[in-house]
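For clarity, chains are labelled A, B, C and D in written order, and residue numbers in each chain start from 1.
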Amino acid sequence: MMTALDSPPLGLILADIVRSHRPRSEAGSIPAGIPHLASPPFDRFGIAVATTSGDVFSAGDADLPFSIQSISKVFTLAMALGADDPGTLWSRVLREPSGTSFNSLVQLEVEHGIPRNPFINSGALVVTDHLTERFPDAAGHVLQFLRDQAGPHGGRQGPFIDEAAAKSELANSSRNLALAHFLKDFGNLHRPAEAVVENYVRQCSIMMSCVEVAKAGLFLARGGRGTNGTVLSRSEAKRIGSIMLTCGMYDAAGEFAYRVGLPGKSGVGGGILVVVPGECSICVWSPRLDSKGNSLAGTAALADLSDRTGWSVF
Amino acid sequence: MMTALDSPPLGLILADIVRSHRPRSEAGSIPAGIPHLASPPFDRFGIAVATTSGDVFSAGDADLPFSIQSISKVFTLAMALGADDPGTLWSRVLREPSGTSFNSLVQLEVEHGIPRNPFINSGALVVTDHLTERFPDAAGHVLQFLRDQAGPHGGRQGPFIDEAAAKSELANSSRNLALAHFLKDFGNLHRPAEAVVENYVRQCSIMMSCVEVAKAGLFLARGGRGTNGTVLSRSEAKRIGSIMLTCGMYDAAGEFAYRVGLPGKSGVGGGILVVVPGECSICVWSPRLDSKGNSLAGTAALADLSDRTGWSVF
Amino acid sequence: MMTALDSPPLGLILADIVRSHRPRSEAGSIPAGIPHLASPPFDRFGIAVATTSGDVFSAGDADLPFSIQSISKVFTLAMALGADDPGTLWSRVLREPSGTSFNSLVQLEVEHGIPRNPFINSGALVVTDHLTERFPDAAGHVLQFLRDQAGPHGGRQGPFIDEAAAKSELANSSRNLALAHFLKDFGNLHRPAEAVVENYVRQCSIMMSCVEVAKAGLFLARGGRGTNGTVLSRSEAKRIGSIMLTCGMYDAAGEFAYRVGLPGKSGVGGGILVVVPGECSICVWSPRLDSKGNSLAGTAALADLSDRTGWSVF
Amino acid sequence: MMTALDSPPLGLILADIVRSHRPRSEAGSIPAGIPHLASPPFDRFGIAVATTSGDVFSAGDADLPFSIQSISKVFTLAMALGADDPGTLWSRVLREPSGTSFNSLVQLEVEHGIPRNPFINSGALVVTDHLTERFPDAAGHVLQFLRDQAGPHGGRQGPFIDEAAAKSELANSSRNLALAHFLKDFGNLHRPAEAVVENYVRQCSIMMSCVEVAKAGLFLARGGRGTNGTVLSRSEAKRIGSIMLTCGMYDAAGEFAYRVGLPGKSGVGGGILVVVPGECSICVWSPRLDSKGNSLAGTAALADLSDRTGWSVF
């Protein structure tokens, strides 16, 4: 349940969280097989909170751009639902937790080509395929949305695609190509496998700062209303929140629901987007990961923040 | 997020929900292989709400006892955690959604004998085993707790074990015996398999009314504080809520999270217990089930109630 | 155990087998998703036996070319082993029965990219990849081998690739492309996935008659010695025979071992190649299939032939 | 293919095989969780051959009794088939290789309670159940058969059940009890799970020497004719041979088919029974096991013997 924010004010809390959680050693791991994610210094740590009342608080490396990776799945899903004939997308992907690895082909075979949810890779490919049918440059469409939501950037660059990183990841996309061809074999991919995987990889290669991600995710805390108007119906925004809570943290959704108690979506770039319904959108970033692929320091910081503010849906 | 209750008052809403959702035909199914659950008339429907402020509202067949079946897993888990050396139980069972059938042996084999969560059958057997180590009559211990929570009953009987039903289910417990022996093979069952399954079956055969279940579950809406004192720490109550939300509705947890947006636990007897953190505990009952094993009319009624009251964690 | 052939002579036996087993109705099925295999009349039936003493007996439609499909896997394996640095191929593919569907991705994931045997699709792709490393036109290389083994053809065409059929199958190769990319993800595919699948599809589209297949397979009955010299060592020929017996008939290897008792390899084109070690090589063809994907009439005919001749390894 | 035995005579070959293969170190492993199998000295090694012409050759520790363990599955299957209404047993268990661990519950769940073959544990439990329906003391019935087949023993004891070992194994039978209850849940176990597992464990605890096992298995090399008359039809004997070849060596059936080329059945007691159809029955024993659970020295010795004698079905 939500509680009002008392003293100390949020800015001070965030500054203190950075002090407590900025990594002091190379604990945790870096994602295997993604060369351009191997480089960030272990001690990067940023956090930003965008409130429904229009304020933005941040601390640490909150203005450094990082690779949003799977956090993009939240935004692509929102885009696809916004462009959807009602119910079309939900006939192609389920909304249930998977209980298996995020890039497993096993469950896809057992379920005859219907991915368990939009946040495992096979499900995200279906979502991207769906969006690509309407917008051939799906990744560019997502990018434009993120720029619109993140708003004016002063001297900053705003969200952009790291094209070199995308190219490098595309050259190592065998697993995703396998998933895409497998979906196609089941009749659940409409565009060519290569085109869908390319859009998928490019959307994952979008670079954003914590501040930008928090601002871009704010529509989920506001029942679907974005910076410049309605992004989604309240019902679909609620749907995305429930999928984030049950499926957003790879195979640690249950643990995250307990420790943090909020809908979240992580990426192997070390970012996590969290939604406090009606209150705010939060983004934390620190590059090194725990054994489940979620930011080690980021998860700890969010648990701490939840304890300090009382933000939790339970 | 929670909203204050405006008019119409809750009692009128519940009465209207009974009018709208009491089944008019034999839609849905009855559970296979449980003889004593084959009998209830299809048009039974009851609902009760126990609020944190001490009120109880109800409508329909809210005072008829029904077999709580898997709803008992919530209470047994609470009892086991209350009697736990910190962390002991959580080393024997995970807290993640399973993605497979509630009584599957497959995932248990893949996970080397550690059940995915306390609400699939293998996990519930571990919880019962844990409780049985402390209280050999574990089912009786759970029953006593439920009687204490449900409070004085006027002329009513209060929670009781349907011993004939328990005996009948025990004679058809091959799958649960297989799970129990399998757990034992992995070293994750301490008491004899037969004793654990007997306690498990007896706790599932507890008969309660909607009013009694709602009152018994109220401690989960009050951060662990029960009728006669603390049942659990706030942290453990939150834990149970998060497990209910991610794992409480068999393979429809994601769908329920979207449609109802509240932590819930269903049983094949047709009951569902739902928690609105800080507000109230709800029990709905109607015997016929959907394809996932959850009460057909009960789920629809809860979605309706959530829409009318705004009760939702998202 | 092998017994000498008594009267009646083999030619008469084969003619009688054609009379008994040529289909009289459209029993059985045709393979799904391969347009050019949907056409053959249901009553096609041919059988040929090539003996180690140099004779060839045949009856029925034994000179009609048909699509050899997965029978090609035997020859590609022989080619790959012949061109192999000792042991290289066997580090990339196992020799054990699979117990799952021939084109399943599940076991491949469980076994971390090492296919169970060379006759399931994933294993055959690894074999083709191996051969393609040495011979970029692997399918052409296999075709040339088959022409050499099948010998002069009088007025007949000899083995050839049905290029239209290959093109059509290639356009429906999503499952095989998924398997190939999946193998690549595990580092167990060296050439580009598309090139390997193309060679694989083209080798499957080779057209041969029963007489040609029987002659081409004779080296397996002669300890590796082919028409024009040694194809394989005796040890590798024995290896292929044992793999045929344990893995050659999709998920009916055990049943075939019992009913026929001989190493065999079937294709969805309706052909089956069988080896009687030291005695002869047999090919039967009839297009309609049983539920496991093996020729319905062909399997029955081979069981009959085994009973009449005593040919069996058991 | 079979070749005649030339010089050196078989007795000398066996003596030489003992010299070459008797273990000189503690290579290999002992079975986990079976206390009474942890004790045999690593350098025990025996071999015996019983020919269809009535001779018995042996060398090494061929008269020392050892625990036959899963070799018993061959004899129980023969007994069950001998007592079977035609086809009854084969409606309850398949004849296909499994591709998964011998005591896995996964495939049983996927196949809805029909074990893949009679030599994985679930299949053997069905066979024992089938036999127990006719002979409540099924293990005693199998023992009597083995005594009859092994013939007069001079001063030796003949086959016997190690009751202390059986009792110890029975106390560690959780996995088999899980399998039995699981089968019962699918309706594929007719007698009580506990009774079936007890018979199963007792038949596995039969102690026999290499000479006795070779003599007892001779009916399989003679088309079903045993010491005192017909045990099985020729057809059923051939069936058992084909199941041994495809499923007899746990997850190394394919490798064994290649290296040895003969139908075999191993036990974790270190024994292996091999059949040369029409020629002889062989038993080798050496207690330490390879990673698949088959006798390390025994498998090597059989490969050597196959090379020296030309005994192979391929």
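In the analysis below, a contact is a pair of C-beta atoms (placed from the backbone, for glycine too) under 8 Å apart; a residue touches a chain by one contact, two chains touch by 3 or more.
In this text the structure is predicted, and so the values were computed from the model without any measurement.
Taking the definition of touch as given, a chain qualifies here only if it contacts chain C and chain D alike; none does. When chain centres are defined as mean Cα coordinates, B lies farthest from chain C. Taking each chain's centre as the mean of its C-alpha atoms, chain A lies 32 Å from chain B.
Look at where the CA atoms of chain A average out and do the same for chain D: the two points lie 56 Å apart.
Averaged C-alpha coordinates put the centre of chain B at 49 Å from the centre of chain D. Taken residue by residue, chain C touches two or more other chains at no position, since every residue touches fewer.
Contacts between chains, counted with the stated touch criterion, involve the pairs A-B, A-C, B-D, C-D.
For chain D in complex with chain C, the touching residues are 1-2, 94-100, 107, 116-117, 238-239, 241-243, 245-247, 251-255, 257-258, 261, 263, 277-278, 312-314.
Looking at the complex, you find that chain A touches chain C at residues 104-106, 109-110, 174-175, 177-182, 184-185, 193.
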